[in-house]
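To start, the structure itself, in structure tokens.
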Amino acid sequence: MNKVLQKPIKQIRLDSGMTVAQLIEEMRGAAFGAGRLAEAVDIYEAMLCDDGTKFLGFAGAMVPAGMRQIVVDLIKERQIDVLVTTGANIVHDLIEAFGGRHYKGVEQVDDLELRRRHINRIFDVFLPERHFTVFEDRLLDIFADIDRDGMSIRELLTEIGLRVDDPNSITGVAAEKNVPIFCPAIADSAIGLQAWLYTQTKRLDVDTFKDMREFMDICYSAKKTGAMFVGGGVPKNFILQSMIVTPRGGFDYAIQLTMDRAEMGGLSGATLDEAKSWGKIGEYARAVTVYADATIALPIIIAAVKERLNR
Amino acid sequence: MNKVLQKPIKQIRLDSGMTVAQLIEEMRGAAFGAGRLAEAVDIYEAMLCDDGTKFLGFAGAMVPAGMRQIVVDLIKERQIDVLVTTGANIVHDLIEAFGGRHYKGVEQVDDLELRRRHINRIFDVFLPERHFTVFEDRLLDIFADIDRDGMSIRELLTEIGLRVDDPNSITGVAAEKNVPIFCPAIADSAIGLQAWLYTQTKRLDVDTFKDMREFMDICYSAKKTGAMFVGGGVPKNFILQSMIVTPRGGFDYAIQLTMDRAEMGGLSGATLDEAKSWGKIGEYARAVTVYADATIALPIIIAAVKERLNR
Amino acid sequence: MNKVLQKPIKQIRLDSGMTVAQLIEEMRGAAFGAGRLAEAVDIYEAMLCDDGTKFLGFAGAMVPAGMRQIVVDLIKERQIDVLVTTGANIVHDLIEAFGGRHYKGVEQVDDLELRRRHINRIFDVFLPERHFTVFEDRLLDIFADIDRDGMSIRELLTEIGLRVDDPNSITGVAAEKNVPIFCPAIADSAIGLQAWLYTQTKRLDVDTFKDMREFMDICYSAKKTGAMFVGGGVPKNFILQSMIVTPRGGFDYAIQLTMDRAEMGGLSGATLDEAKSWGKIGEYARAVTVYADATIALPIIIAAVKERLNR
Amino acid sequence: MNKVLQKPIKQIRLDSGMTVAQLIEEMRGAAFGAGRLAEAVDIYEAMLCDDGTKFLGFAGAMVPAGMRQIVVDLIKERQIDVLVTTGANIVHDLIEAFGGRHYKGVEQVDDLELRRRHINRIFDVFLPERHFTVFEDRLLDIFADIDRDGMSIRELLTEIGLRVDDPNSITGVAAEKNVPIFCPAIADSAIGLQAWLYTQTKRLDVDTFKDMREFMDICYSAKKTGAMFVGGGVPKNFILQSMIVTPRGGFDYAIQLTMDRAEMGGLSGATLDEAKSWGKIGEYARAVTVYADATIALPIIIAAVKERLNR
């Protein structure tokens, strides 16, 4: 409390043609969301420059919304060491890898009319069911081509990724670049539904807990650790819980992009401060939550840091 | 649109000593959240009275917050046929079953001080780490006592439940009453962390996809289907996705209690209308979302329906 | 921090036929929203029992939603000493007083079709424009009947209230019972629009700042002060700001029902703790925010306290 | 519905050094918040290029947060014709004009300690009370210097603005550039509190309804109309309600930046579609809501449009 009243708010000034990093520079002097967004850029840059292991928790329908290439590029540039995501993001990544597309729709629509036209809706994204049909056929072929027992979920995703022929697929590029993808709730997705169909006649042996060792080994061997959480859900908790049993003492860097609220008590909306009581975030960590739609905040942060690192 | 302006808003009147169902009766004539809460009570009552299969999706830190006994009673009275939940809710249920307690704390607190005192925080719930230690010891004993290979996650939870000695444990009572508990993301919890420890020296063989058949068989054989979603996350999606491949055409009844927003596009905040475009919710379904803290809305709905059914 | 871990969470138990106060009793032992709702009931009861001045800030479309009678009864039972509200709530109160009705509609609707049918929508409330026509005629008559210069807004509302013939009108009953209604933004409502029409040919002399003295005199003479804030906006700020210049040192009791967020920095979502830094809420005040739809939380709190006071 | 599935989602690609408008170009092909933000930029550009009257509704603690200069520049470049705001934004603008500063603080803090140190908190902005003291003295001097009766609130603000000596004051620049500022709830601010002090001995005659004629004349004479709503509250409603009695048929362009929710029924969170049922927004209007912290969204939109118009 001794150093309050040290930093006057700097009123933001906007110029024509300013770059994203220049805009963030202006936001640094401001408060509320603008200030936190600028802080997230600082922390993300520091996290990339430090010699640590970088985790991305990636929840929400981010691939349908247009965030796929960003993650692919992060993997290619090795700015992610570990990806933890939902089954849905893998599924929608594969749909695009198999030639399907998501379409820009509207959120105010007659959903029963959509159903009659075999179009699935994800807020304002439309997805024709026929793309799912292609996905299902291709996935069954891939399952049939995998001849391993006792796989972990990560190993299954690597096997799938190696059979994907799309330079812009998260699953494909991650497999190629040896960036592990963890997806604890994989059964909770169209992959789970296809596994159900497939295992009615064939064998697909994937162990629920086998991932834990690989994941924990990564955590144990890391010098420094940083995490970017896009949304909450299983990816956020799975990344954070590892630190409870890791002797290092919690993440050194953490950025959370979310619209969930803390007051309802769920983990998705929990503050990063709360995570410190568990030892999930370190005592001296740099951490910030940006309360924003991730489709707005994520591109800004990545673009700004890209520009800074390129100077 | 022909029948608009048929139902005037009835201004709520409150009496001293009114019962929960009487309060809901007053709310029925009102709008916004009050009207929707009353509608949820109507739908839940209809769902219980219909001869169908009832699913409960149970996400968020509901057990630490005090919703455990409600679920136990629902299972005992067979008002739930299938429970889908998070690993965390199972863990916190077991912590209480093993003699631990959650404590009422405050949300404005020095989390590093809590950490030094070995207290974990879940918003305004405090949990001493020593209760986790007991949980871990007991769970390792239970793991050692289970001698089965190729279990599904549901089977693992039943095995655990059968070894729990607490008449008020969700896991225990569900096992006793043959109410299956599905928990696709079980690795994402302290159970996953203990499985990691255990499997460093021993074998625990749990198949990721094996649950799918049992779950889909339940869906296929159901005459009518109804779902109450407390929060979103994996439980909501896992319950809903089953209907995509079920010929019945979607849930007949659906109630969602959430504070998540639709506009960010994630499944947790998605409207039940959106689910209709996928065939997850039926064309003629009765469905409502109550935008409320589940710790407020769930007790009200259950208490009101209990009273009505007892008349 | 010495007394953490004193109060174990009590798992909520529900009984058939339980009263609202009994439900709240169960919620007291729980956390998150349930715990805070129970705390709000305790604080509201203490506030009513204390010998103080009770303010109600009443924002949002509460009258269209069905909360009108609750406020009328609070005024009749003198559980409100001062009402601060929006122009809209006065307008919709008068619409009902003049024989109009609000109707229960739906929120998913073609708004252009509604417009063609001359129906105005307030989320899921429909209001035919013809009720506005009656309101306008009646209000112009009332304006013409008032022959005073230099009125304060409160005096204008009392004059209107005295000309309302409806035992269930907030404006009417408040005038009758000498409960002052303050409405700083009155021009921002259909009353303002009618004033614009009226003053094209006639004189209506209402002073913007004249209310301040009466309001501040109430604050200065109060022994104890308590405030219930239904929503934020002008009513919340207007009530709170009075304490900045009142020597008493802030409200002794405060309850806030809101869904607004603190993180965006606006006053509506600001925490009651923040208000303490300004001296708006007292150092030893009992204060709680319930993050809930007010149409759910308000009836519960009032019904529970009514029951307790009647014991 | 015939043209669904026409626009595939374009996965966002980020480049180092990209400008804000280039980032928006990438966001245009995406969904959720990113897509809507890009749409807001398109609409705002179209609104500026059209020959219409441009309204800015400006609610929330935007001046303390750092948005003051943006509004000043918009006024200077005549990209705003009418400003409607809260008393608080005027007050904080004047505090800076009188030499005070807002300071970047933190949101997790002991508010009673702040109070003891005479620092007021607005989320993560700190404001020393001594700046208020200067504000109060200066405002009383200005009041004394104004010798007019029967002023409208707009006229009062112009009189104040003409006495402000700061080229970066919203109030000052607006007065100089003849951009009217409307502030219906002016009593609900520190200006109201000073008016109370001042009028204990002197006269300050400001008419509540006098603004209506000037405001409605602007609306009547406008060829086209566009509105940007930063937050909700009185500014949003006051701007929108004017169209109910204007024969033109509603705003032609509308952009809303908000985090408020529609489901609670309040006007602040109401959708722009709902406004169409009232005729507040025109049938053929271009309108979009961006669900975002305004301190993030506003600078982006303004910077992107500035860049486009400069090409």
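A, B, C and D label the chains in the order they appear, each numbered from 1.
By definition in this document, a contact is a pair of C-beta atoms (placed from the backbone, for glycine too) under 8 Å apart; a residue touches a chain by one contact, two chains touch by 3 or more.
Just so it is clear, the model here is predicted, and its values are computed rather than measured.
Asker: Copies chain A, chain B: same or different interface, half of numbers shared as the threshold?
Answerer: Same: most residue numbers at the chain A-chain B interface appear in both copies.
Asker: Relative to chain B, which chain has the most distant C-alpha mean position?
Answerer: Computed centres place D farthest from chain B.
Asker: How many angstrom lie between the centres of chain A and chain C, each centre taken as the mean Cα position?
Answerer: So the centre of chain A lies 43 Å away from the centre of chain C.
Asker: Please work out the Cα centroid separation of chain A and chain B, and write it as a whole number of Å.
Answerer: Each chain reduced to its C-alpha mean, chain A and chain B end up 25 Å apart.
Asker: Just how far, in Å, is the C-alpha centre of chain C from the one of chain B?
Answerer: Between these chains, centre-to-centre, one finds 34 Å.
Asker: Considering chain D alone, which of its residues make contact with at least two other chains?
Answerer: Residues 31-33, 61, 64-65, 108, 119, 122-125, 259, 261, 263-265, 273, 291, 293-295 of chain D touch two or more partner chains.
Asker: For chain B, which residues count as touching chain A in their complex?
Answerer: 59-61, 64-65, 88, 107, 111-112, 114-115, 119-125, 153, 184-190, 192-193, 195-197, 199-200, 204-213, 216, 231, 233-234, 237-238, 241, 244-245, 259-268, 270, 273-279, 283, 293-295
Asker: Spell out the residues on chain D that touch chain B in their complex, using ranges where they run on.
Answerer: 31-33, 108, 261, 263-265, 291
Asker: In the complex, go through chain A and note every residue touching chain D.
Answerer: 1, 4-21, 23, 26-27, 29-35, 37, 61, 64-70, 73, 96, 101-105, 108-110, 113, 117, 119, 122-126, 128, 168, 259, 273, 291-297, 299-300, 302-303, 306-307, 309-310
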